[in-house]
Amino acid sequence: MNVTRPSGRASDQLRPVTIERHYTRHAEGSVLVSFGDTRVLCTASIEDRAPAWLRGKGEGWVTAEYGMLPRATNTRMQREAARGGQGGRTMEIQRLIGRSLRACINRQALGERVITLDCDVLQADGGTRTAAITGAYVALVDAVSLLMKRENLKRNPIVGAIAAVSVGIYKGLPVLDLDYAEDSNCDTDMNVVMNDGGGFIEVQGTAEGHAFRRDEMDALLALAEKGIGELVAAQRAALATSIE
Amino acid sequence: MNVTRPSGRASDQLRPVTIERHYTRHAEGSVLVSFGDTRVLCTASIEDRAPAWLRGKGEGWVTAEYGMLPRATNTRMQREAARGGQGGRTMEIQRLIGRSLRACINRQALGERVITLDCDVLQADGGTRTAAITGAYVALVDAVSLLMKRENLKRNPIVGAIAAVSVGIYKGLPVLDLDYAEDSNCDTDMNVVMNDGGGFIEVQGTAEGHAFRRDEMDALLALAEKGIGELVAAQRAALATSIE
Amino acid sequence: MNVTRPSGRASDQLRPVTIERHYTRHAEGSVLVSFGDTRVLCTASIEDRAPAWLRGKGEGWVTAEYGMLPRATNTRMQREAARGGQGGRTMEIQRLIGRSLRACINRQALGERVITLDCDVLQADGGTRTAAITGAYVALVDAVSLLMKRENLKRNPIVGAIAAVSVGIYKGLPVLDLDYAEDSNCDTDMNVVMNDGGGFIEVQGTAEGHAFRRDEMDALLALAEKGIGELVAAQRAALATSIE
Amino acid sequence: MNVTRPSGRASDQLRPVTIERHYTRHAEGSVLVSFGDTRVLCTASIEDRAPAWLRGKGEGWVTAEYGMLPRATNTRMQREAARGGQGGRTMEIQRLIGRSLRACINRQALGERVITLDCDVLQADGGTRTAAITGAYVALVDAVSLLMKRENLKRNPIVGAIAAVSVGIYKGLPVLDLDYAEDSNCDTDMNVVMNDGGGFIEVQGTAEGHAFRRDEMDALLALAEKGIGELVAAQRAALATSIE
Amino acid sequence: MNVTRPSGRASDQLRPVTIERHYTRHAEGSVLVSFGDTRVLCTASIEDRAPAWLRGKGEGWVTAEYGMLPRATNTRMQREAARGGQGGRTMEIQRLIGRSLRACINRQALGERVITLDCDVLQADGGTRTAAITGAYVALVDAVSLLMKRENLKRNPIVGAIAAVSVGIYKGLPVLDLDYAEDSNCDTDMNVVMNDGGGFIEVQGTAEGHAFRRDEMDALLALAEKGIGELVAAQRAALATSIE
Amino acid sequence: MNVTRPSGRASDQLRPVTIERHYTRHAEGSVLVSFGDTRVLCTASIEDRAPAWLRGKGEGWVTAEYGMLPRATNTRMQREAARGGQGGRTMEIQRLIGRSLRACINRQALGERVITLDCDVLQADGGTRTAAITGAYVALVDAVSLLMKRENLKRNPIVGAIAAVSVGIYKGLPVLDLDYAEDSNCDTDMNVVMNDGGGFIEVQGTAEGHAFRRDEMDALLALAEKGIGELVAAQRAALATSIE
């Protein structure tokens, strides 16, 4: 098989990843994450209230909202606020982000608080949801650190790291971290969320063209595992930087 | 490991499956499917129009909508029409059903037509989306058969069979076809859509509690493969019956 | 006048009526009612809360919601949840059902509870709202019986039986219980709700073509009275069956 | 029976009725109608277009919209535009107004035009829908007269007069034209729409308290017939006035 | 410069202004205001509740809502309640009315109450928002007078008079109180709200055609000052009339 | 008067202004503008279609949409897309931006095209609407330059420069370019839009506390004139940079 990726990357190569903390100043956590030309602003906002269904249980909640600026994409999309509501794709993505991030939180240790992760895509080039999860994790850590200091919490509510990447089969070749040129031409597209212990949090694979075989799935999962290892390292490096 | 399922089923045992064709009389295809106490009415409606984005391309489209009657569940849920719109869960599910069924259709052979699969849950006991996909496939076949006769189509637009099942890890035990009692207590929940050639169409796995390991995923996929084989057989048996 | 009804029925003849109790298992009352090919699933759901405007008054409330599955009809109708709200026809019908059923309830005896009657049309062939009222009454009785046992109520909140039927003038002939073929071709269409004491609860007559005269109205009311007598008998027969 | 009406009116006495034509200057027909303290502004607007479902059939359509100013009533109601949509009561009423007025129009003679009757309640004291129908008829006649002159139509699209009144049983006494004090305390409330030939267009009776008997219904219909005769006379008198 | 206004008015001449108090009977204040053919019904409704964000602060609030009857204008506009929400122009105007009227109220003296000013345009001929503000002030005074009597308030919450007028440059000529014929053809349009002490509350100027120069702005402000003086006098005259 | 601004700026001093062109890569024009800590991403998107009301007239249109990321502000605001629509403030601002930018465009020269200016606030610290207008102008120039090259236009549709600034009275002192600390404590707040010829496009002044006098208004307009001169210079400097 002799397939060249449009970007010239090796099949198991991520795009350049940057994680810029404290990108805006109001949010408790604020991260601009880039996977190549995909840029997502992730903020974590803490509110001192339990959601209705958890009131009085001493537990907190983590939730997410996702949006795309109208011209984050190649042709302008209608603004969801102007159209009167969020579409199905948006809801699907923000539910995925929320579920994924809840997997690294101890909700008892968080206490009766809600943390909302807002992931807004400034520029899209494929993989916006996986970049969002990867960046939102760092914003969440920053927000929780602030909270622990401010409220003098004893236990750290963060119980592990979470990152995500897409994998897919492009012209027969299993590849890591699809950009838009690949994404719009691939047969199978899979988003994988894992923790830093190598456990799976979410696996969402879709055959866009032909159904995929078990051995292809195995190849994709191996690529994802490799990519997420590198993303977790990038998160750690970003968090290691002390910022005033 | 000595875990008993609430229903007493073996870990690789489906609930009783029934597929009743021609359940209502107006739709081109109309199927009442049951996976145990989960009952979903699936209708296939044909319209002679291309969706806007396919106009003039000579291709058709298959789409799906999903709904739950307000008291299909244990406690009454608010009617989505009264609440003013479909929620995130509904959108996520109907997008999954539509993508899955498009995987067994040759859209050129279908011609400039839209087939809408309406999947309405009359009674819910876990696995409504997988029952919906499995039943909707049969409704789709009935509708396409009618269309082929009526329009004298030369090529069959149906290019394979599609079925779906849920699998999960219940108290440490990988099990097939979760009912509500299991679903609400399981650690990992995975919906798998496959075709009759053993290819994967969709895999959506979620760690509800602990992250799942690669070997657990392998066990779940094997269970799904077995279950879908039986569901495809049930679809064939139902379709083999001649009905006047 | 020598008019034959499309169905061959006599002018004062109902369609075959069936009332199937306990059709689904979650609701406190659940009835599948058929007037010929019109099939409506009626569930009664009890909630232990007073609506806001009755709080603290010791009274309950009965309300109704109505829906049609998108392909209950000959051509597919847009799903109201997808369209973003209930249309005028739906609202008109569910207000009628709610008002009608409240006429057989002693709201003091019910106590601070809300009973919601969901009437969802699985298949439509004319007369869906009258079938809904007739079936919802039986679901309401089942729900209230359960409530009386569970809560050990002393007084029965049900104070009479309620049934409904449509009447109309088809090609000059007053006829009972219009099916769709008649409904779409009749000059006058009247929905009548009565109690088992022969009292009128609702009369809604509309001249679709020519205005109707007083003597025509008298003929229609007489037909309705006969039909409702038979429907009340069918309700009693259904309720007389002991079901485990 | 010795019941006095709150207003001191005789049981078969209408409130003072006024019909002021050309109340605003932009609409093709514009009428301020009063039934006592109930005041409704009815405008008729002509547009030279067929609705989608009548395109190319050479027929027109008459439709109605109804609204209440937020403080037309004793306590302020939320503005429907601010709440995000029309409620069930509004939809029910505007559907009734539209159906009623279509009963006096020859849609072929109207040609491919839409006439919209906007009925906006400036002040409410019971009977707003019947006042609206009675006033809208006069606005419709004015609009059609203008249209006939402007377009040189040969046939008059108006084929009769339409008026409406409410009747009800107040403390056991059948009374004509209920005001708010009666309406909120009556057992049975019936809205009757008739044409000037004595034919019924709509009859909508509701038992608010006890079910009503056949003889009560007969008494109510007789009162309605008397009242509508007087309203048709008032419409004629208003239309006889030449206005520049 | 030799420009004639379409109405023949002098450049600094208001249209005839009428202020009719107690126009409807339910509202605490109810005024029909006319600026020429522009007619707006302004009602003031008092509710004994603080808005959520002022609860427990002992302060009140004044807010406004604006609407146009669908046929207040030359061609029929869609009803905002039917369209599903208020448009941008409506929101802009009602926010302006609310802000303006709050400028003449001492919110501590008002106490925990909300006064809602509903301004509904019955007929539009330019200047609806300035007529609305001018009329709403009178309705507000009437409502507050009633409140002071009823609740025996010691301090008058009204701390000054507020009126508004539009000014603009029509064919090069600065003119006062634009009607629709001028408004739709002018280069600059400015709405000015002032109090009776000559202070500015709001100035909203828009260059519709060419940008306006500082000297033009000065001329417009002088015209507005003159017009508002006359409007405040008209308000005083209307309020001086004792009405039972 | 001895008032110090919270930021220590002189009363006639702008915050540091930066204008970063080509901030994102898909839009025809894309500018990140900062007025101090206020940061707005402005994109200009060109579509080759006339809006409905201009079809066939050979003219184009410029429109704007405005949004705030939920955590652009000190406390998180609800996402407008999730709430189901744009609020009054958003509509007011985007209407202002659109009107302002249309003042520098020759719509005949633009031809049948729509340019949409999306102004999304990444971080808010007062003056978001004036920053948006100032940045959107630069994005518009970039988009139009691209269009002229691509379509070989003969006439430049841009007919002047547009910039905007806020002015206000803070503790009695007229000041230029209010930041949030000043904005939330000022008596009068005025947004001024001017062109590079010194003409006024929009003046929107609001008395938040006491009404403002004519001499205060004069002082504010003089400050605005000075500030806009500097902003136009900053725009020119940014546009003078050649970027590949």
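As written, the chains take the letters A, B, C, D, E and F, and residue 1 is the first residue of each chain.
Basically, a residue touches a chain if its C-beta (ideal position, glycine included) is under 8 Å from a C-beta of that chain, and two chains touch if they have at least 3 such contacts.
All values reported here derive from a predicted model rather than from experimental measurement.
The minimum number of touch steps linking chain B to chain D comes to 2. Graph distance from chain D to chain F, where chains that touch are one step apart, equals 2. Chain centres here are means of the Cα atoms, and by that rule the chain farthest away from chain E is B. Over half of the residue-numbered contact pairs at A-B are shared with one candidate from B-C, E-F or D-E, namely E-F. At the chain E-chain F interface, residue numbers used by both copies make up over half of all numbers present, so the two copies contact each other through mostly the same positions. For the pair chain B and chain F, the distance between mean C-alpha positions equals 51 Å. One finds 28 Å separating the Cα centroids of chain C and chain D.
Separation between the centroids of chain B and chain E, computed from CA atoms only, is 59 Å.
The multi-chain contact residues of chain A, meaning those touching 2 or more other chains, are 84-85.
Chain contacts here close into one cycle, and each chain has exactly two touching partners.
The ring of chains, read from chain C with the first step to chain D, runs C, D, E, F, A, B.
Chain C meets chain B in the complex at residues 24-27, 30, 37, 39, 41, 43, 45, 47, 65, 67, 69-74, 76, 79-86, 90, 116, 118, 120, 122-124.
Contact residues on chain F toward chain E in their complex (touch as defined above): 85-89, 91-92, 94-95, 99, 103, 190, 194-195, 197-207, 210-214, 217, 221.
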